[in-house]
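Below is one structure, written out as structure tokens, with a few remarks after it.
Chain naming follows the written order as A, B, C and D, and within any one chain the residues start at number 1.
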Amino acid sequence: MNKPVISEEKLLWMYETMVKIRVHEERAAELFAENKVPGFVHLYVGEEAVATGVVANLKKEDFISSTHRGHGHYIAKGGDIKASMAELFGKTTGCCKGKGGSMHIVDLSIGELGANGIVGGGIPHAVGAAMGIKLNGLDDVAVAFFGDGASNQQNFHEGINLAAIWKLPVVFVCENNGYQISLPYSKQQIINSVAERGKSYGIPAVSVDGQDVMAVYEVAKEAIERARNGEGPSLIEAKTYRFRGHFEGDPAIYRTKKELEWWKENKDPIIIFKKLLLEKNILSEDDSALIQKKKEEEIEEAVKFAESSPWPKKEDILKDVFSTSTKGVLVWEW
Amino acid sequence: MNKPVISEEKLLWMYETMVKIRVHEERAAELFAENKVPGFVHLYVGEEAVATGVVANLKKEDFISSTHRGHGHYIAKGGDIKASMAELFGKTTGCCKGKGGSMHIVDLSIGELGANGIVGGGIPHAVGAAMGIKLNGLDDVAVAFFGDGASNQQNFHEGINLAAIWKLPVVFVCENNGYQISLPYSKQQIINSVAERGKSYGIPAVSVDGQDVMAVYEVAKEAIERARNGEGPSLIEAKTYRFRGHFEGDPAIYRTKKELEWWKENKDPIIIFKKLLLEKNILSEDDSALIQKKKEEEIEEAVKFAESSPWPKKEDILKDVFSTSTKGVLVWEW
Amino acid sequence: MGMVRKISYAQAINEALDYKLSKDKKVIMIGEDIGTFGGTFGVTAGLLDKYGPERIYDAPIAESGQIGVAIGAAATGLLRPVFELMFIDFFGVCMDQIYNQAAKMRYMFGGKAKISMVIRAAGGAGMGAAAQHSQLLHSMFSHLPGLKVVVPSTPSDAKGLLISSIEDDDPVVFIEHKGLYAVKGPVPEEPQRIPLGVADVKREGKDITIVATAAMVYKSLEVATKLYKEGISIEVIDPRSIVPLDENTIVNSIKKTGRLVVVDEDYPRASFATDIAAIAASKCFKELKSPVKLVTPPATPIPFSPALEKEWIPSVEKIEKAVREIL
Amino acid sequence: MGMVRKISYAQAINEALDYKLSKDKKVIMIGEDIGTFGGTFGVTAGLLDKYGPERIYDAPIAESGQIGVAIGAAATGLLRPVFELMFIDFFGVCMDQIYNQAAKMRYMFGGKAKISMVIRAAGGAGMGAAAQHSQLLHSMFSHLPGLKVVVPSTPSDAKGLLISSIEDDDPVVFIEHKGLYAVKGPVPEEPQRIPLGVADVKREGKDITIVATAAMVYKSLEVATKLYKEGISIEVIDPRSIVPLDENTIVNSIKKTGRLVVVDEDYPRASFATDIAAIAASKCFKELKSPVKLVTPPATPIPFSPALEKEWIPSVEKIEKAVREIL
């Protein structure tokens, strides 16, 4: 296979996206520590190359389904970070009007089918989107993101097999960050790679270095083109690592400091990609600093927006259960 | 691998068991047609070699979990056919006191963990039995029987993977009879054999002719010995065929008469095995006729037992919900 | 207008499906044995031939995957799936998708998702199908917020409510009682809609209110007819949809009669029956003249033996006894 | 006897687990992150070190498989598994095993199976964990026959009830309220058992009965203390186990006071709250002096925003208001 030619514009978009995710997540960590963001928050720091490399192949009309660790997918797909930041705060301007929080950020208008608090829950949703695409004769595709832990769960098995027999335009992307909370991958499965599970469903499957955005881009491109061409689903395992705890507040006693440091030093996807862009003269140190600054400003703007937004009102609780009125729905006085 | 040497006694047990299952099932079909046996009845005619070939390697203490098509497993494992026949009738002398019926026949005293109305439901139960075996330091094994349809379901995926990572003494036996009710195997999966799914879990897997009891016996022997030796689980796919409808009353419009006739003529497991035993002079035509007659008498005795048994009483409805009294359980007057 | 033709409950449902499939290309069906086989109870017969495998998906046993696919398809707005769960009893293998996904998406997403889908399933006892194939289970679905729940009793209601359910923009659990599939009744040819949330007073009366669902509607009407001869006037209300619930009709009737019997085939504890009883206790207390009566099965799984099953299911005798006890 | 030491609800549960693991080799645990991690809420801390990976199984995300394994192990009689479902909200991915398998096996098998197992799970709102991580869900489990259901409110109850649950020969769903894990209270060192099916009158009173569960017990007691100063005497009953239910204590109290408020954090429709209200309407009708009141959340999913969640959860103010309305 020849390496695909990627425009400078796209390469810079990829770099900017990864930086944006990183800055967003580090800021979210601070906000959580300051008690401004409540609930459970799972950050994507260290895994930026996966969402970015995959989504670089998608257009707005394509769909993705996401996970509890969903900020990176949302940002890569083009989600409005003001709306998501306000959502993290629980404000009425949030993308879910404050009803969802970090585990449920969503933007259907750009094909982002939602983060999900249930591990594996979103996998068949992407398959369903692909069914809609196929029946409507569109040339869009759908991508399901999920973790290594999720690949042990029912929806992985059932969702992929349905996609395979119905030959739907969907790509399954397993972000194998080596852990299901505290359980290392080696104790989840006795095989070496989630990609080996592709054989169960008769679909192409490949394992890729998830810290190398170019590598992710390439395998995703192939799989997505196959899907767009009506050749059915594929499975990609991207080996990655999360640089923070499972959720904010997790002391991560189940892994060594040394292991974490090794990954940070040797496999930071942003450092790796930056080096490549510098070498290729696509990026200068100045450009990079500027991007960093710009992203920080964008995030800060989003934080300000979130902080200054109003809280939802008590009566909002009763809205959005159904598309119809609440008549006959509540029954019990409240 | 050398062919295992099997005693004449065991060979005759295998032949008798297959005949017993066949006679039982054909009689059950009649009883259903006569409205003596109510509910859903799924018969094992045509698949006798699978249960028989596998169970021939088990001892009483070993466990099996079964399916909606469970009579064959029950009989092979040594279940009392009077108790199961009375159960099919819904009589109080039934193995479930009339509360279970065909889909729930059980005999825990011989390690038969129960038929199951939920496809796939019993797969992890065998894994659990294997966990109990391992922790108690026993040399028993557990076998999970299930269909091709079940191999698309959550409990297949989840149950096998748990057995693999915990290296439990369990063997998974998929009875691939080519259909999930009306859905042919080719529309369930785009792979060629359920055995290919073993790779997903890193366990040995093999496909075997399920109409050849000797072949089933051999692969089961290997897998069961591996389990007994602490070497972990295996998966066996036995390619088989059901000679009757999915359930009694099914006109089976989804398959051709020709296909059915081909299987009956060329792949009847009892005819095939009988031929072998005749050739080897282990069985004579007279022996065979005698066995047939003996089995018919046994089944007839069971039918008489069932017919003459009393019905359960109304007050039995309230029994067996819990091991403790009904105090605070019913709450509502009845 | 001529005589209204009579067709079965199963045929009525088939007509509703056929109508919506023919009128709206977004409507598709996913389920097991709904195509070639025509459905375990024959309800979907003929639809595969008419609409083809791109609209009628015969699926492998993977209910969680199937409904997840339906949800994803609905969320995109590209399709309006009708998912058939062969028996409502199988909810357990796909409950997360029914309940944590379909039911809650709209709410969790601040109203931005529209999950237009129907979950059709056969329920109900009486076939000797034992504990895992005989449940009705509407109570549980009404307990869990975010699902509309329909339990039709007549062929005409079944057709009209199913059309409305498929046209509804929210997830609807549509439970068809197996014991009613063969029941025939007048059903208009034209696709009339019956709105969700409107109870049907199947019989008017003034002495006592019976609220009953599904197959229990028929038994309650039998008791009403019988006791009418003794001068006892029973009002029989079939809510038809449990969510939304037509509270007004129920509350007004209880206030009018001052007496309530709830007849339901679902399990009794924390149930639809206690829901209605509690409505009486909290909203009609002043008008209530006697204790509320619940006629339900006992709080046990469903026994297989026909000798037991027929006792487990609420009987005409028990309904009559309950009515007499509070008169 | 000296002062009884105070420990947290989480520690009390840990002690119960530790005790049973130490005394009975058949007791094992299966769940996610219960070993190395010590449990998402720290409840199982130290158990892996003490009992090793052959007793404490850290499992991949496969809840249906996990509980299925627990059931199979229990059915053989070789083990008495304690399965931890990290959040009760995840019931949907393993409901078939909980409900069609564990709950019904004994019945379907005519009493021949003994499924000695406990399903422990964290429930309850108040952490900003949104719609898929905040439910309590005891009503649903009490609705479905075959499960015992325990919802302890105090550290001492939690310890005593968990020991009894592990020793019980039936499947027990044991729901631990997340908001109570840090609550401390006196807990005896010795492993005292609290039988299932015995309510605890947390406070005696004569004017009105409040039946409350889990975290709502504390809020109800707060209201009782406050209104006592006004001369209003409230009896607060904590059923502790919903199945079996100590009906007598509840019915006798309602008969004594003639007034009932049910305070519950679960969804309101077809719920534990309507169950108790219906008991009042059918079994205490003669003695009832005023309408029954239900204080529950609205019939909606649980919103994320702290601004909304705190309103969603029943408040002390709402309980007080309900009490005043029927006095």
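The criterion applied here is as follows: a contact is a pair of C-beta atoms (placed from the backbone, for glycine too) under 8 Å apart; a residue touches a chain by one contact, two chains touch by 3 or more.
Nothing here was measured: the structure is a model prediction, and the numbers come from that model.
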Statement: More Cb-Cb contact pairs, comparing B-C against A-C, go to A-C
Query: Which chain's C-alpha centroid is most distant from that of chain B?
result: A
Message: Using Cα averages as centroids, what's the distance between chain C and chain D in whole Å?
response: 30
- request: Take the average of all CA coordinates in chain B, do the same for chain C, and state the distance between these two points in whole angstrom.
  value: 36
Statement: In whole angstrom, the CA-centroid distance of chain A from chain C equals 39
Query: CA centre of chain A versus CA centre of chain B: separation in Å?
result: 44
Task: For chain A, write out the residues touching at least two other chains, lowest number first.
output: 94, 96, 98-100, 104, 116-118, 152-154, 157-158, 161, 165, 187-189, 321, 329, 331, 333
Statement: Check: chain C positions touching at least 2 other chains come out as 59-60, 62, 64, 89-90, 92-93, 96-97, 100, 107-108, 130-132, 145-146, 243, 269, 273, 275, 282, 294, 299-301, 303-304
Query: Tell me, which parts of chain A touch chain B in their complex?
result: 152-154, 156-158, 161, 164-165, 187-191, 196-197, 199-203
- prompt: Where on chain D does chain B make contact in their complex?
  reply: 28, 54-55, 57, 59-60, 62-79, 81, 96-97, 100-101, 105-114, 145-146, 148, 168-170, 197, 241, 243-247, 275, 279, 282
Message: Taking the touch rule as given, give the residues of chain B at its contact with chain D in the complex, in rising order.
response: 63, 65, 94-100, 104, 106, 108, 111, 113-114, 116-118, 121, 123-133, 135-136, 142, 154-155, 157-159, 161-162, 165-166, 319-324, 327-329, 331, 333
- prompt: Which of the residues in chain C end up touching chain B in this complex?
  reply: 32-33, 35-37, 40, 58-62, 64, 89-90, 92-93, 127-133, 268-269, 273, 294, 296-301, 303-308, 311-312
Task: Spell out the residues on chain A that touch chain D in their complex, using ranges where they run on.
output: 38-40, 90-92, 94, 96, 98-101, 103-104, 116-120, 149-150, 152-154, 180-183, 187-189, 253-254, 311-314, 316-318, 321, 329-334
